[in-house]
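Remarks on the structure that follows.
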């Protein structure tokens, strides 16, 4: 490169700029308002909640459902509990972690919220949790399933209130599959952390009970054409295929290929919460009658609490039946209400501690409590798609695993000593 | 110096003074972090603006260069390395990635150049997912710390203001230099420059390296701001928004990038709080700017100012710091620009 | 891994995906290759066609009606975009980029507002149902139908381009605008027509594709990316190039996912990068 000939003016401005920058960074004294020590929240009569969810973008439907579930609770029960009014501010992060962080900062620094609920996706959730723990603001997770939120990245301000960690939710699926007499299994999961954790959970449950996972397939995020993977499942010829998605379009996309290649009657299938949720049932209808899935939410469960919840949701949302995202939002709201009912206005680490002390006998998710890492311990259901009396399709429990925790049969210390789940490490010996 | 230059200079100094005073006149840490985001996006857009404006090479892969640098810093920070090493790693990765981009795209131009840079960007995106032991895969890397001396939000803000000024001045100097003039010559007519004996490939590679280095710097700054990096930063959506920022502000102008960045960031983060259909608003802004202010916001302002100025306009296009970019009158033949090498 | 049934299935998977890509890419290669218009809103046209086609096919049970509705609405939209917006920036790459990105943003967001966030797919009643079974091999008829449609459209396009007067006019107009204008042809309207045809092809792709790939928020960027890759490989402006490119990418994608899954991400972009490095104009492109 030629030497750049600087005009005197150019040189002059360059030097000034550099000097100014250096001087500023090193000698400026703190402006007013620089100390940001947890004086968040207004008076003790209002609990301000910042709710982050991807209401637009690829996960719009799930994001909106999460918001709807939370709002539904307060609409039914009123926003005032024990003299405290709950005020919610909803922010859209479009599934983008940078946006989630900006919204979280805005909620904490501008709106002075007492706690942040959400966001939905695993990567956005981890980013926000890392931030909120540095500013002493509680972060509740209704749906996010990243293992580390309540394992390696667990802290006093983060609690998973409506969902389970990826491996936790799917482990009982493996146990059930083995108990049903299946000897071999093949797994198909998305090729990122949620998928690795889910398949690891299933695989460990399956192999610890006498089965053998003969092949594992991973599909890239954003796959819409599953025909290749269905072909591979077919050629693996295992007794049962375990397939997970993170919700949204991949569920119906996979099933369509599955039926199209003729496997509908010949290949036993176990799916996860999100691939066989209500959106999929709406899309595919009677074709999926009798299909099995594993999840901590079952809208067809025979319980008054669940029925009331379903009816309330159906009334507000055109007869639709709630999915896991709705249940997560609703569950979170009911936990917060419980805490306020018992203790009045609480925030900070006290709020998280109070939530972790709750034990609910009959929540919409069943009997629920929390472990020391602020993770939900609750039943996991093996569900079957059935048509109930109202003519609609519901995921109905055919088997229940009570009080499932996130450790998959190990002690916390043993589990945390293991590396994160990945394509190469699935927790198997 | 003529009157416009003096007015321009005064305006710039006033803006700098305002930027410095901001934390003391009541701007909250939230507002400052918003401005910080704009400054970093402005730096990244400026790096692309140099390449597009002076070099005539529109790249859809700059987001990925910044992301690669960000990942370098993120990994180094989590591995416990000190600041100096982190910066060195970021620099190393940036240079390597920029060089790869440059070498692989040198034979192409126009739309093909766009596509090669897009492809390379997607490769980086894919690697961010694939090398999950280093990059954390889809979860990304969180909890990245920035150096002690800028750990406060307001000291970091000043650091960003300073960085932005330095980058702007630097790019301006390069643009005014003989190197910049040669770049513009190559942009306007490659064949002519080649016949004059210039090694077109080396110049383009050089321009790419400069642009890439600044993009990498922006990546470093962004991870210091958000303490977080994930594959989304390397994705196509980010890179499309970047080139949109450049065009929106005015290709080839000095302040176009920051204005374009400001519009996009503000709509994405502030307007979205009150308007649900904010993507529509953003799209409409793009359309309206093209219809009524084709040279971009800053470009059109400059054009307007020039037209209103009395007296003959004797400045040849391209020699001043006015927009000489790719927004000529509509009858210009495009065949030369759509060359393949 | 190499059993005949598996190979046959994967080949068909690849071909049907390639057929879908061709529907997408054929429109784009005409607009892009011949008229040199950078239309980043092509994916948005696909999206409108998809959503409308699915909704209408769902209401009427008739796929053809769905396709026609999609094509009609998209044609009108494309007409408006071209006449009101694109004409002002014809020939200027970067303004075209910004303009079409803006259109894409607006369309995508409005689709979200109107159709919601649920993924939409063609209802089974509107699709060609059932599967073809030859021995042990079962393959859905609908995917074979997609291959058929793609072949039909490809032949039609080539015939029009090479055998009809309008095709000759278009090719001449691209090579030398002034002469063709001097001959009394209103080249402006010809180009508008081409733009509409390109958009209509995308709309058809959207409706038919909705039986294979669901339509959901974000689909417009996904399909645009695929279409760009295909036409770059095939060469801008070449329908046969788009066909070859589509088949190539479809097959590579299907087999790579089965045989080298670690590189599944890169199977779309690696071929493109290789072609660009070795033959920058694409396989069938013309050096302008």
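We just call them A, B and C in the order they show up, numbering each chain from 1.
By definition in this document, a residue touches a chain if its C-beta (ideal position, glycine included) is under 8 Å from a C-beta of that chain, and two chains touch if they have at least 3 such contacts.
Keep in mind the model is a prediction, meaning the values are calculated, not measured.
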A-C against A-B, pair bridged by the larger set of C-beta contacts: A-B
Relative to chain C, chain with the most remote C-alpha centre: A
Euclidean distance of C-alpha centroids - chain B vs chain C, Å: 31
Centre distance in Å when chain A and chain B are each reduced to the mean of their C-alpha atoms: 35
Junction residues of chain C - those touching two or more other chains: 109, 265
Multi-partner residues of chain A (at least 2 other chains): 56, 191, 220
Junction residues of chain B - those touching two or more other chains: 129, 279
Chain B residues touching chain C - in the complex, by the definition given at the top: 52, 58, 104, 107-108, 110-112, 115-116, 118-120, 122-123, 125-126, 129-130, 236-237, 240, 243-244, 247-248, 251, 277, 279-280, 282-287, 289-291, 294, 325-328, 330-335, 337-341
Chain A - residues contacting chain B, complex: 1-2, 4-7, 10, 13-14, 17-18, 20-22, 24-26, 28, 30-34, 36, 55-56, 91-92, 96-99, 101-103, 105-106, 109-110, 122-123, 126-127, 129-131, 146, 148, 153, 191-194, 220-221, 422
Residues of chain A touching chain C in the complex: 56-64, 191, 217-220, 222, 224-225, 227-229, 231-232, 234-235, 248-249, 252-253, 256, 259-262, 279, 282-283, 287
Complex contacts: residues of chain C adjacent to chain B: 32, 36, 38, 40, 85, 88-95, 97-99, 101-110, 113, 221, 225, 228-229, 232, 236, 262, 265-266, 268-269, 272-273, 276-277, 280-281, 285, 287-288
Contact set on chain B toward chain A in their complex: 16, 20, 23-24, 26, 28-30, 33-34, 37, 129, 132-133, 137-140, 142-143, 149-150, 152-155, 158-159, 161-163, 165-166, 169-170, 172-174, 176-179, 182, 206, 226-228, 230, 232-233, 268-269, 272-273, 276, 279
